[in-house]
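Presented sequentially are two complexes of chain A, the first with chain B as partner and the second with chain C.
What follows is the complex of A and B.
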């Protein structure tokens, strides 16, 4: 539902059905709404059956990369004699994204249930929920929910009376964007500096505490109980365009738009309808100019591209961007794109973990140039330099933070070059008077 | 010492992988990185964060190479070799990527090479000259951070740092004393020191050598010399019985710094701060520079042609007691042992001790309690380890003090000797009554070998000229023996070594050629 707005007929509220419903927060309330039926059913199945159902449902990672969840789970080899771990990535720090926050605020037990099923499916006894440091309210709600679940015997040595052990540990982050990168998150859970690790080894081979680990986003795990209860076919049926993109997806909408909020639609929904109908279109008297559809790390779309987009993994790629985390940032005609992109670059420069040279220096250098152009002191070569820096920052580092910084800059210059040139051609002239006559 | 043969350990043959690097076929063990394989092919792939003695960080991104069929450039330090792999190092794509890294590394670097101690031996400089951009495109102010004293011998010049984290990894993994960290993020990041911690670990100074740029500097050698003014001589540290391989760096015949020289079997890439900083005595100015003969109350200077026969005349037919320094070379100790044995004499040495300081991350590497390089060598040629240097001196013996520490020698003991001959670098106050003083070179001024605590015989070579008329110690003792008719004179340290090898079983079969610069273990294995 379009929380905090009333639900729109075009939405498909599955995960967001109980947003704003205070009773759903507690265990009793959650049980009344069908909670933990999925876990009950899952624990009566074998782990491989669960993996097969999730595979068949077509569920893909909702954190940004869109990797098929069932296939990811099948990388965890059962019976290898090692402890397995599930990490739930609740470090939702992609600017423009706030869907996981609402899931944890309103339906914390849905995440507990999803984590428990996920852990059981991959042969893990311990699941970590890594919650972003700034998320104080979701953290409190999640802690309370986990406590309730333990007290009710849902978690622990004898989960739901089945004799299976499922523990959930909540780990509070300390406020680093990079800890949302899965290998950095594992370092952070281990108590190390949140620096991404070199891959290979991949987490399924050597993850947290060097043991096989699977990392899933909050929204991905929360969808799992629904798939278990209602079946893979039902979930697969939730698709309006590409058969490769199934299910419903939460989109967080913010920026210059009439009704910002969280909207849940079936994948393949028309982005044009989404923006103008569900979200109420632009503010009075204004016009949309550009959209960042999947969190700040994805390319900027022009309105032409955005309006032709089908909202699924493939649809956004066809129209020059990516689905990403579903954080839709809307810019209208009052915004200067140079200023916006400079701000984005500053964010990445602030959050770079400082390991790789190109990222540490490149994000900061990009920011310096972008802010110089924004302040009217850009030169003609600056755009070429920005492209060249972006090229050096792409595909050459341990993780993709560096690439993410280059993305809005490159797409911004390509699509809104006139705004850059306007600032460069009309420089604010700062005359320097000779110090010595 | 046991005389059993050295046990042969069966080493499983690693599986070999064949690949092509820059068109050169190489065959290397499975699991090796492309970077190391490149070294085998004779190509040094530019890199900063990688160091063979540390774990892989993969953060500098300088070692990017193109591997055929791989979608992206591969960091060669963190990419294992694979059968049939074809690696290109100098393709346009790889060169552009590395050029980009160098430009990025330099945008906040002060480019103060003219006042940087590292200049001339700086990897940032070297690779920038090799592959870097001719000029920077940075038009904005550079980041600035103040210099920080890290304690111990380490100074951190923040602005020059490229954050390769070699120092952090060394302290964490090898010294296992968590002192350093990466503080802050993004381009504000710098190497930080944990609260209340200092770089006072006995091995902390190694971060200075590990630093590929001029960020971590030795306070001891700060602003002392430009690297291109230095001469380097391979040597062995005489500070303790470990025998760390090192390089003696001199400028104008003055030793200005000691640095570790890699030896996989002894010290890997490291040496301790005690050894590293103990070099000023090599340059001491109060040396004996001419042979001295006693004439009444005073010493008079004499030429070697006069001093050697005079010494021989004192020794001829007498029982000899030799008080030797355990820092003399095997060669000199061997010749001294021949001198002492000529008429049924004996010899002893004393060793100073201190506290042991291990380097936990390297097996069998420590600053040893025995603070002398060649106690084992002395024992192998027949000297006795004694509590006091003159233990065993019999009344009427001719006493030869061969550079032994004389501080604790009493006048009463000295009075037992019928004559005193000093073969040394200096003439201490309490040995002023010596009949003859023969000036010798110290270990940095001559060639020779030491035998370390594991029985490894290692060569050291001359780093500077001896003062005045001082001669290498083996030469002086050899000449005395020749004057006594006990052998031929020697002209090279290697000749003395060969003579020792045919005379002393432990050294049998060894020569300077077979020792090389890595050394060999004496027969009978580790002591």
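What follows is the complex of A and C.
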């Protein structure tokens, strides 16, 4: 449902059905709503059966990359004699995204259940849930839910009386966007600076504490109990456009729009209907200008592109962007795109872990040049310089933070060039002439 | 809202004694290494002392069998560990793009004016407030969120600031 707004007929509330329902927060309330039936059923299946069901459902990672979850789980080799780990990525820090926050605030037991099933499926006895430090309320609710689940015998050395051991540990982050990158998160859990690691080795081979590890997003894991209970075919049936995009997805909507909030729709939904009908369209007297549909790391869409989009992994790519984490940022005609892209660049400059030169220098210089243009101090060749920096920042670093900084800059200049040019009043800068003068 | 006192010049009192020590010891079995407890241990220091001082870093290093230099390296990576004393109320305003387009900069200006802080990061003369900008609090649909110590206040506008600040004085 469109929390904090009433549910809309166009939505498919599977994960968000109980948002705003205070009773669902507690174990008793959650059980009354069918909670832990999925875990009960999963524990009666073999881990490989669970992996097969998740594979067949077509569930793809909801954190941004969209990797098929069942296939990711199948990389964890059973019986290798090593401890396996599940890490749940609840470090939701992508600007524009606030869906995991609401999942943990309203349905913490759904995540406990999803983690328990995920851990069992990949042969792990311990699941770490890495929650960003700023999420004090979701942290408190998750801690309370885990405590309740231990007290009720759902977790622990004899999970639900099956003799299987499932432990869940909540790990509180301390303020670092980059810790949402899976290898940085593993370093952070190990007690290190949150620098991303070079892959390979991939986490399934050598992850947290150098053991086989799977990292899943909150929203991915909370979908799993539903798939176990209702079956892969049901989940696969939730698809309106591309058969490669199945299920329902939460979209966080923010910025200049009438009804910001979280909305859950079946993948393939019309983005135009979504923006104008579900979310109530623009604010009175204003017009939409641009959309960032999947968190700030994905390319900016013009309104023509956005209105032609089918909301699934393939649909956003066809219209010049990506689904990403589903964080929809709406800009209206009151906004100056140069100022906002400069602000986005500053975000990345602040959050760069500074390991890779291209990122450390690139994010800083991009920000300086963007802010110079914003302040009317830009020169005619600044745009070319930005493109050249962006080229050096793309595909050349350990993680994609560097690429992510280049994305809004490049797509912004390409799609809103006139706004940049309107601010650039200075003639081309000639070093020789400047030195003489 | 929890209020923490910040005694800048008082001699350092160890954090990991009594109940806190038990709390820390209870964490060790949850991880295969002691080092993994560094973030939780630093949180305990900050909760009890309001910030993470060099003495706090040395104590964490001691209890986790690490070097102070290593612990300091970790502390400086994460923005939420206060490396300096802050006011009784630390106000973190999200000014990243989604909040920025909803007027976050006006909220920052109003907060600085109302709290009497001369600039971002500078504690007010009465020692009550420190205002800082923060990158994305993950509550973009409730622009502008302001985190005051442990509590996130949603949908703050410049107009609401006087009432919020007055409520804390």
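FYI, the second predicted complex is superposed on the first by the 425 of 437 C-alpha atoms of A that agree within 3 Å, B and C clash if a C-alpha of one lies under 4 Å from a C-alpha of the other, contacts with A are read in each partner's own complex, and residues count from 1 in each chain.
Going forward, a residue touches a chain if its C-beta (ideal position, glycine included) is under 8 Å from a C-beta of that chain, and two chains touch if they have at least 3 such contacts.
Not measured: the values here are computed from a predicted model.
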First, second, both or neither for A:193, with chain B first and chain C second: both
Which superposed partner A:81 touches (first chain B, second chain C, both, neither): neither
Partner chain(s) touched by A:285 [first = chain B, second = chain C, both, neither]: neither
Chain B versus chain C as contact partner of A:372, first or second or both or neither: first
Partner chain(s) touched by A:6 [first = chain B, second = chain C, both, neither]: neither
First, second, both or neither for A:397, with chain B first and chain C second: first
Per-residue contact with chain A, leading partner among chain C and chain B: C
Touched partner set for A:163, first chain B, second chain C, both or neither: neither
Contacts of A:351 with chain B and chain C, given as first, second, both or neither: both
Where chain A meets both chain C and chain B, residue numbers: 176, 193, 350-351, 353
Chain A-touching residues of chain B, taken from the complex the two chains share: 56-62, 64, 72-73, 75, 78, 97, 100-101, 103-105, 107-108, 137-140, 143, 162-163, 181-182, 184-189
Chain A-touching residues of chain C, taken from the complex the two chains share: 30-33, 35-40, 42-43, 64, 73-74, 77-81, 92, 95-98, 100-102, 134-143, 147, 150-152
Residues of chain A that touch chain C when the two form their complex: 83, 92-98, 100-101, 126, 132-137, 167, 169, 171-177, 188-194, 209, 252-256, 260-262, 292, 296, 327, 329, 331, 335, 340, 343-344, 347, 350-351, 353
Contact set on chain A toward chain B in their complex: 176, 178, 193, 198, 349-358, 360-365, 368-369, 372, 379, 381-382, 385, 388-389, 391-392, 395-398
